[in-house]
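Each chain gets a letter, A, B, C and D, in the order it is written, and its residues are counted from 1.
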Amino acid sequence: MGIMRLGRVELRVMELEKAVDYYKNVIGLEETGRSEGRVYFKAWDEWDHHSIILKEADAPGLEHFGFKVEKLEDLAVLEKRIEQFGCTVRRVSNGTRLGEGQAVRFILPTGHTAEIYHDIDCLGKAVGTLNPHPWPDNTRGIAPHALDHVLLTGDDVETVTRFFMEALDFRQSEKIMTVDGETMVGSFLFKANKAHDLAFIKGPDNKLHHAAFHVDNWYDVLKAADILTRNDVQIEVTPTRHGITRGETIYFFDPSGNRNEAFASGYIAYPDIPTITWTEDKIGQGIFYHRRELIESFVKALT
Amino acid sequence: MGIMRLGRVELRVMELEKAVDYYKNVIGLEETGRSEGRVYFKAWDEWDHHSIILKEADAPGLEHFGFKVEKLEDLAVLEKRIEQFGCTVRRVSNGTRLGEGQAVRFILPTGHTAEIYHDIDCLGKAVGTLNPHPWPDNTRGIAPHALDHVLLTGDDVETVTRFFMEALDFRQSEKIMTVDGETMVGSFLFKANKAHDLAFIKGPDNKLHHAAFHVDNWYDVLKAADILTRNDVQIEVTPTRHGITRGETIYFFDPSGNRNEAFASGYIAYPDIPTITWTEDKIGQGIFYHRRELIESFVKALT
Amino acid sequence: MGIMRLGRVELRVMELEKAVDYYKNVIGLEETGRSEGRVYFKAWDEWDHHSIILKEADAPGLEHFGFKVEKLEDLAVLEKRIEQFGCTVRRVSNGTRLGEGQAVRFILPTGHTAEIYHDIDCLGKAVGTLNPHPWPDNTRGIAPHALDHVLLTGDDVETVTRFFMEALDFRQSEKIMTVDGETMVGSFLFKANKAHDLAFIKGPDNKLHHAAFHVDNWYDVLKAADILTRNDVQIEVTPTRHGITRGETIYFFDPSGNRNEAFASGYIAYPDIPTITWTEDKIGQGIFYHRRELIESFVKALT
Amino acid sequence: MGIMRLGRVELRVMELEKAVDYYKNVIGLEETGRSEGRVYFKAWDEWDHHSIILKEADAPGLEHFGFKVEKLEDLAVLEKRIEQFGCTVRRVSNGTRLGEGQAVRFILPTGHTAEIYHDIDCLGKAVGTLNPHPWPDNTRGIAPHALDHVLLTGDDVETVTRFFMEALDFRQSEKIMTVDGETMVGSFLFKANKAHDLAFIKGPDNKLHHAAFHVDNWYDVLKAADILTRNDVQIEVTPTRHGITRGETIYFFDPSGNRNEAFASGYIAYPDIPTITWTEDKIGQGIFYHRRELIESFVKALT
């Protein structure tokens, strides 16, 4: 299978303790470790040691994101394909970060730093694997199931799309094209059955638009929005449906200004799904199905 | 990727027109063709020519079920692996059924007839692929998104599990074991990200327990149950949650006695998901999380 | 009991057939009659002849709204109390509008024309009253259960509140006060167990802010928003929660510019509910709990 | 208005601490006091001192239930009407139970002990009445909004219905009649806008069928069922819809065997609602809309 999923996202945050409090108590992740200025978190429905890493920095943004591959051998195979595509690659050794084995690091055509990895400590879930209850007691905050996807910006959406499809076996579920049909300005990519695992929108290179968490349903989106208001967290986009992916969503910001999403539903995709095309004149409807127009901050606030 | 999904299920039904009325107006599928005693259907969120085939017969049951593979070349590769496992294989030629290309047919260790195929006519969806609305107007009945999975019975659950994992690259998300840990009596198998695409429960060989349709959420499960009552369709299991897969569910019967399920949610699985084990003394809770015991018909009514 | 409910709202609309199409096919009301330039509608879960009347006019707005009283005798009793409060009152005779008996018409302190009435033809519901199914087949559009409430503007919110409480036995569930606590700028009034049946916000006299329809739950709010987008109806406020009443909501406009709401949930009120106070600095959160600020159109667009 | 609501239910329980643990941690009520062998509870969305009282006893059952009236003067007026109907009445003095003022106690035609009262301490809600959040942090268990209704059994359903309608101004939303139309075997009564505040089913006199708590929606019914399973509480009826009231529901038992319900939705009633009639041959569908037949325990287990 090669890449299985978006396994981790390392975010730069400015006031570490404030950020920790937010990801722990408002988002409701579990802190699983601290080391060398980094704090590690997993969601309750994840089994690996972490999916979110916070790293103290002078400015917000995406330090790196990583995909977990199914087998250790996949690393070498994909490493070669990444190099052949023309990306800079280097090995990251064992234990560079907490709980992690070695990784292959590479720079995307959009300038983002990505990794693929196989080894990471397995912590399991509170509900266990023997006759488990469906969800754990004592969750806090939004309590998403898992990290879901990231959306990044870059100047050349077509090339980065080609990279993920050719080198890493992703498929494209949806794309946004200029009205003349000439330029791809949005690209939604998935590996197996999710409507997207990763997406790119035309914009400045090496920027993060948002990191999204998976919540179960439309009521959980409401609950998430309620919790954000109670905690005085700014909600940029109140509950709505996406045209693209059909998912149910809210957008909001962490204390450093990194955008988060709580995302539910979205269709089940397969490699043979006919790719959906949105024309740029309908991008408003594609992104916010009910509002039918973009909002300025959504386009401009990048980290 | 090899196998992408459970693509089609051919059901034997006794009174064809009564069955057609049910799958069309109560389930709410779209009839896409008729030929030689068979009627073909697709759900609104599917793009292939059909996922359900009804075939008139003297007794209900599963005529065959088929998996769609990603590439035409996958057929030959998997055919060889199926043969190597020791299953009888034969090619089914183009156009044996409506809209279908050639297939590889094989007999499972449990006696069921299965196929893998790549070519099938693509009809698309009513919402189209250009700036589509999230759901079509004018759906009827339960209107599930798609065929979701089948659950079959067989004497040797372990061998058929091994077959799907070794020959066809499935993984096991959950299993039910006798209390002494010696015998596998239930096995839940998936290919990519769904909690299950296929499952086996210990029982007589070559029998169908149920074919399941995917609905979006817990409210749609309620709506489905309401529609079944209005249409005087027997509901065997009223809305509840599964312990296994955590899905939300109802079970009911088509007019010939084939069991159907409307299934929502269920977790997102990955190849590295730690397999969940249910012990047989907890099978009631595993199957019906709220009732916590099996019901007699659920074990006995097979077709 | 006196007044039982907000029973009818007569709206002025500019292009009658366009408005009829909207209330019939997008809102999903049932047309129950036409006469003398008026078209009458009821929702599927209402039994009286109509709850919405459209009247062709040169400008949008509220022609009148009416409360149904429990007993015919209530009319005379309340008529006297209305007069004693100092409002102009006159009797409207039988058959002035379709299906209606006589009514008592009066002018509110805010200039709006209101009526109380008892007699109106009873059409019943499609599901009947003998072993009924919970909901009818063949609904169209949003298909709300019923007319729910109206929100009106007026200069003197305190006096109109006092009028409804003293003359008509309403209670106040919530109020919005200026920060100095001196002036009431919002007032939410109910008769029995609903969070509001009627509300006033400080603004120009004799204006309609919105007429609201009751839908069942948060998923129905989503469905309503989806249907509005499909039908190119402008959604002013996408799905959110109210702080006031805690209801789940969307706002949108009919083709003439009258604002509609689809409203779900909201708490169960009782006469002894401690009145909730919102201070004007928190009005954003009170109205739109997630956005936490008003939007300009919401304050300015009145008919 | 006279009676406003079912304000309190006093239940006999056998092992007090076990019962307290259940109502506090599984149901999720707040303990508000203890005195003389009684423990008092309120739900988070109630403002009065208590709605549930547990009293240690040798057998489970309903010690009394009480209705709160709007005004102190209502007590004397209703007392007279109760006496005129022929029921035994006596005054219960101030402070007989914690937080309560005086009450009027009377014995129903079905033998149950009921009270009407006005004075009870007001504790308010955790969210307060100034710019409140919609729900409090830190709820436990099912966390229903409030006590909703009780269903009692009695031999003469017609007379007790007449009592509530004539003496206490209740209305009947639905009734169950024998097929010959001669005998009323079920009666659903409401005071203002709820589908029922109280109901009677033909059976032994002076027995409790269940006490119901109000939860917000169908997802909360699922959450309640999940919580009951996690806490090993027997669920008698898993999530389903009622035909009668259309509510969404589960039934389960407290540790002493008193039946509880978590009830959501149900229509908005008004005094002029056309009474719905269920014939006894359809009682299965009326009670459990999806199962369409009664279950034995539901008829037999009374306390």
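The rule is short, and it goes like this: a residue touches a chain if its C-beta (ideal position, glycine included) is under 8 Å from a C-beta of that chain, and two chains touch if they have at least 3 such contacts.
The model shown is predicted, which means the values in this text are computed figures rather than measured ones.
**Student:** Counting shared numbers against all numbers at the contact of chain A and chain B, is it over half, same, or under half, different?
**Tutor:** Mostly same residues: over half of the interface numbers shared.
**Student:** Which chain's C-alpha centroid is most distant from that of chain C?
**Tutor:** Here the answer is chain B, farthest from chain C.
**Student:** Could you work out how far the Cα centre of chain A sits from that of chain B, in whole Å?
**Tutor:** Here the centre of chain B sits 31 Å away from the centre of chain A.
**Student:** Roughly how far is chain B from chain D, centre to centre by C-alpha average, rounded to an integer in Å?
**Tutor:** Between these chains, centre-to-centre, one finds 43 Å.
**Student:** Listing for chain B: what residues touch at least two other chains?
**Tutor:** Expected reply: 133-135, 217-219, 226, 229, 241, 285, 289.
**Student:** Which word fits the touch map of the chains here: line, ring, star, complete or other?
**Tutor:** Its topology is that of a complete graph.
**Student:** Can you list the residues on chain A that touch chain D in the complex?
**Tutor:** It comes out as residues 133-135, 137, 217, 219, 226, 229-230.
**Student:** Touching residues of chain B toward chain A in the complex: what are they?
**Tutor:** Within the complex, chain B touches chain A at residues 1, 4-5, 45, 47, 68, 70, 122, 124, 129-135, 145-146, 169, 192-194, 214, 216-218, 241, 243, 246, 265, 267-268, 270-279, 282, 285-286, 289.
**Student:** Contact residues on chain B for chain D in the complex?
**Tutor:** It is residues 218-219, 222, 225-226, 228-229, 235, 238-241, 248, 250, 285, 288-292 of chain B that touch chain D.
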